[in-house]
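Handing you a structure now.
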Amino acid sequence: MKVGFIGLGRMGVGMADNLLKAGHEVCLFNRTPAKAEPLVARGAQLAANVAAACRGDAVITMLADDDALRRLAFGPGGIVESLGRGAVHISSSTISVALAEELEAAHAAAGQKFVSAPVFGRPEAAAAGKLFVVAAGASQTLAELTPVFDAVGQKTFVVSDSPRTANLVKLSGNFLIASVIESLGEAIALVDKGGVDRNQYVDLLTSTLFGAPVYRTYGDLIAGRRFEPAGFAAVLGQKDIRLALSAAEALAVPLPLASLLRDRFLTLIAHGGGALDWSAIGDLASRDAGMNDQH
Amino acid sequence: MKVGFIGLGRMGVGMADNLLKAGHEVCLFNRTPAKAEPLVARGAQLAANVAAACRGDAVITMLADDDALRRLAFGPGGIVESLGRGAVHISSSTISVALAEELEAAHAAAGQKFVSAPVFGRPEAAAAGKLFVVAAGASQTLAELTPVFDAVGQKTFVVSDSPRTANLVKLSGNFLIASVIESLGEAIALVDKGGVDRNQYVDLLTSTLFGAPVYRTYGDLIAGRRFEPAGFAAVLGQKDIRLALSAAEALAVPLPLASLLRDRFLTLIAHGGGALDWSAIGDLASRDAGMNDQH
Amino acid sequence: MKVGFIGLGRMGVGMADNLLKAGHEVCLFNRTPAKAEPLVARGAQLAANVAAACRGDAVITMLADDDALRRLAFGPGGIVESLGRGAVHISSSTISVALAEELEAAHAAAGQKFVSAPVFGRPEAAAAGKLFVVAAGASQTLAELTPVFDAVGQKTFVVSDSPRTANLVKLSGNFLIASVIESLGEAIALVDKGGVDRNQYVDLLTSTLFGAPVYRTYGDLIAGRRFEPAGFAAVLGQKDIRLALSAAEALAVPLPLASLLRDRFLTLIAHGGGALDWSAIGDLASRDAGMNDQH
Amino acid sequence: MKVGFIGLGRMGVGMADNLLKAGHEVCLFNRTPAKAEPLVARGAQLAANVAAACRGDAVITMLADDDALRRLAFGPGGIVESLGRGAVHISSSTISVALAEELEAAHAAAGQKFVSAPVFGRPEAAAAGKLFVVAAGASQTLAELTPVFDAVGQKTFVVSDSPRTANLVKLSGNFLIASVIESLGEAIALVDKGGVDRNQYVDLLTSTLFGAPVYRTYGDLIAGRRFEPAGFAAVLGQKDIRLALSAAEALAVPLPLASLLRDRFLTLIAHGGGALDWSAIGDLASRDAGMNDQH
């Protein structure tokens, strides 16, 4: 397929690379074109602007947030204006449910297709083509995009024919991970202050009931207070919890644990920790327990 | 070793059986002696009272709660009065940190030893000798008890030389499981009300980021609203969260997520759900979102 | 002064009437002009459109929410386009801090002045000219507006020279009232389930420590479960808590009690109670305690 | 009446003094007898032990907590053993609902009467005889005690014939005050960080919607961060919230705001603030917002 790709951050680079490897014709656009160079060396084309990246069968966007996507999608020279009739916009960014709805409507009005296909996985998984793709949109369209999804991910989950539901699932996933961080943070504060070694405790948890990698990863970070460099910055975690709460508000679903997470992120940010790894909220329970003066 | 075993509930029966299989000489005491019969048929002795179960090298208690253990431990004919000098009381029940402290002091005053060795695992794991043992106490004593721990569990974690810390770790583990339930309950409410199939959502989670069995087990129960029969009753979950909060209060460790869980359990109990599986608190987010009228 | 007045809801009607009574020349605009008739009969002019209401020294807006004000303020024929150079826009609506910032910037760019002057008080206080005015803006401008504020309110509080701070104070006030509702709701649930008469309990509170009218008003509504007709609808309360949380997010101020209120409002709305008086969130503690089946 | 009075703390001294002034025959007991001297100089008798204070028609206890009362009430030479048949124990301490139940049963078994009569008011009100008395017990008994209640309080509220309900009401009252502190703390953090003067803000609140003295008192303390000396120590506040939560647990009433207060008190205590005035929890919202480094 002939695919445009917009957004060459840490995730996007790996995804675009795997599209190339799978034999797709890829046309890249990034705000700072330098990031595209290694991929151009391996056969990708470089688009001079957004419009130039929208001339294929599909264009994938992998951008930082709502604002970034909104800026490139709407307005003169934007994706909606530039994409061909019948072509499809695949939004893989973690964006709000509301923006997904707007995009669906705008593309439909322009005779184009729109699917949401956010992904689970960290940059290493993107580089290895081992992401999990959560896709939603018209089933015929999704079927046609199978070669694209297969190139970037190890498995694709179709959650519904309404694009925004994929965004909701993605946000719920980040909420679940943040919940793991909070619960580990509280448990570690409790046992540590009670006299148990933090690191040994995480070993115990992860070799018994909590074998999932998410517990190992975040348990180690919290126990060791290793919040730099950030794998995923706290400000991004805060944004995702905000988007989850916003979607929940629109659906009238109260989420008290998500509200707690919101307050944790704001506390962290208020103390200058926005650039730390989001697992740093897992240290706040220890801080509230007065345990951090020793460190 | 010559071991007394007090408390033949669903967990205790399997543990005592594995002690027998491992060649230990086991003397059982249970309030309702009938439960001991199958084990007596396989070679266990039956004690007429608590004191008679306290004549060996060690006595293991596996009882429902603080009250039950307190009743058998203290007072005339109780464990403290009956156990021989130098013998050891192994407490495997999920009890309060405060009671563990009391027992440690009482046994020390009586020239006896005390270790806490609560276990992680459900009745099937107890029957299979596959429990995880969390042990704390004097290291020499724990070393001598290795054959006992090996008989009931697949692995033993020594967390400290202070018995009560093992109880704290056990309570923290149940807090972590309840946190998984709450977070799944909120996530499922959110995506379900947003149009995603609940069961398919749990499949997605458990085949991607949340592969740990605890997510599979509780995700299925919550998505399918299958809260009967109870694997672990809500009233017991409520008790364990209360004990965790009580230990946290003594240590001055605020635990907002545990406080949320407390309120969830009370809500469930106030609506007559105390005998349901504790995962039923995972349905309260859906209830608050007004989604349960359809069912 | 020659004053435009836009927005003749239950509050606006009383405010405009008091401006007339104080001798100001008042030009009214309302979406449904019929509401202006009684005031026109008493000497007010009727503007055919927003622009016509912007020809005086000042224009006051008293609208339902951000959307309503945004629609009338910006765009062709809107307030910013229509107001004369040096004239002032007095925003008395309960709007977001963010919109106040936008308006301040837009009016400054157009050579106009902007002040925020939200009010505390219910429709009866508006009718009686007994509102409390919370004003913020350039001090010279505020001084010139004294006759306007004195006409609608019994007292004016100048909180800062930055307009948005008045909106923040207004939102914080509604947060405080909602907190009273929640705390009363929990206390009433507790003592009622414990065997104390709800109504007698509110009498006790309000004749001892909690003599402020806000306790009397809301205590009676909650104890008597009288949530219709709404004095202030739950959907508006939810909106104000959302705006408070949004302002708090921008300032990185975690507000756990406001988060709890958010969840309470969403629960109420999810059960179809959005049109009830906002004190109906004070019944949710009783509901969670299983007490509402009897009613 | 011939009345024993046990517990001459800051509250008890004023209450006993007013009993004397009203003409009652008062027999005092206090752990440190020196505190009784001024009252003895004004005509009170001094009891050598608890039993000696229990020889009249009634004995009033005004002690620090459950433990103190339990120690004096039960066991050899205690109140239950010493009080005459038909005499009445008036418990005015802020104690648990559970202990009130125990005392009711113990006194009934001993052929004695028991009423709960906790009070609202600070030491100055106790000294002035201006307390509010919350009384519960057999109506005949309460009627006979009218002269006692009238001596110490300005008004008596009878809440039920079950003594423990008065303790529940007292605990709920302290919960409501702590809720005011928390809500003010959050509101002050929000507006202060947004650029509004904290002290001026409290003036605004207390001269508009929140005229009750409780807002003035605690608003000033929080805005000015004046938490020493303590009018009511944080550890006592924490105890009362614990008792309220414990009563709520027994009744299956979830109280999320009380849970938040619990965590606030534990945070304060964990940072060494247990001896501060309980309004110091009102500074934690500012602390979480990163605002306290400047002070």
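Order as written gives the chain letters A, B, C and D; numbering starts at 1 within each chain.
What we mean here is this: contacts are C-beta pairs under 8 Å (C-beta built on N, C-alpha and C of every residue); 3 or more make two chains touch, one makes a residue touch a chain.
Please read these numbers as outputs of a predicted model, since none were measured by experiment.
**Q** Comparing residue numbers, which of A-B, A-C or A-D shares more than half of the contact pairs of B-D?
**A** A-C
**Q** Which chain's centre, taken as the mean of its Cα atoms, is farthest from the centre of subunit C?
**A** Chain B.
**Q** Between B-C and C-D, flag the pair that has more C-beta pairs in contact.
**A** C-D
**Q** Measure off the straight-line distance from the CA centroid of subunit A to the CA centroid of subunit C, and report it in whole Å.
**A** About 38 Å separates the centre of subunit A from that of subunit C.
**Q** Could you work out how far the Cα centre of subunit C sits from that of subunit D, in whole Å?
**A** 38
**Q** Roughly how far is subunit B from subunit C, going centre to centre by Cα mean, in whole Å?
**A** Distance between chain centres: 52 Å.
**Q** Going by the touch rule set out above, which residues of subunit B reach two or more other chains?
**A** Expected reply: 248, 252-256, 260, 263, 266-267, 270, 288-290.
**Q** Contact residues on subunit B for subunit A in the complex?
**A** It comes out as residues 97, 120, 132, 134, 155, 157, 159-160, 162, 164-165, 168-169, 172-173, 175-177, 179-180, 182-184, 186-187, 189-191, 193-197, 200-201, 204-205, 207-215, 244, 247-248, 251-258, 260, 285, 288-290.
**Q** If you look only at subunit C, which of its residues touch subunit B in the complex?
**A** Listed in rising order, the residues are 256, 263, 266-267, 270-272, 288-291.
**Q** Quick one: in the complex, what on subunit C touches subunit A?
**A** That would be residues 242, 248-249, 252-256, 259-260, 262-264, 266-267, 269-270 of subunit C.
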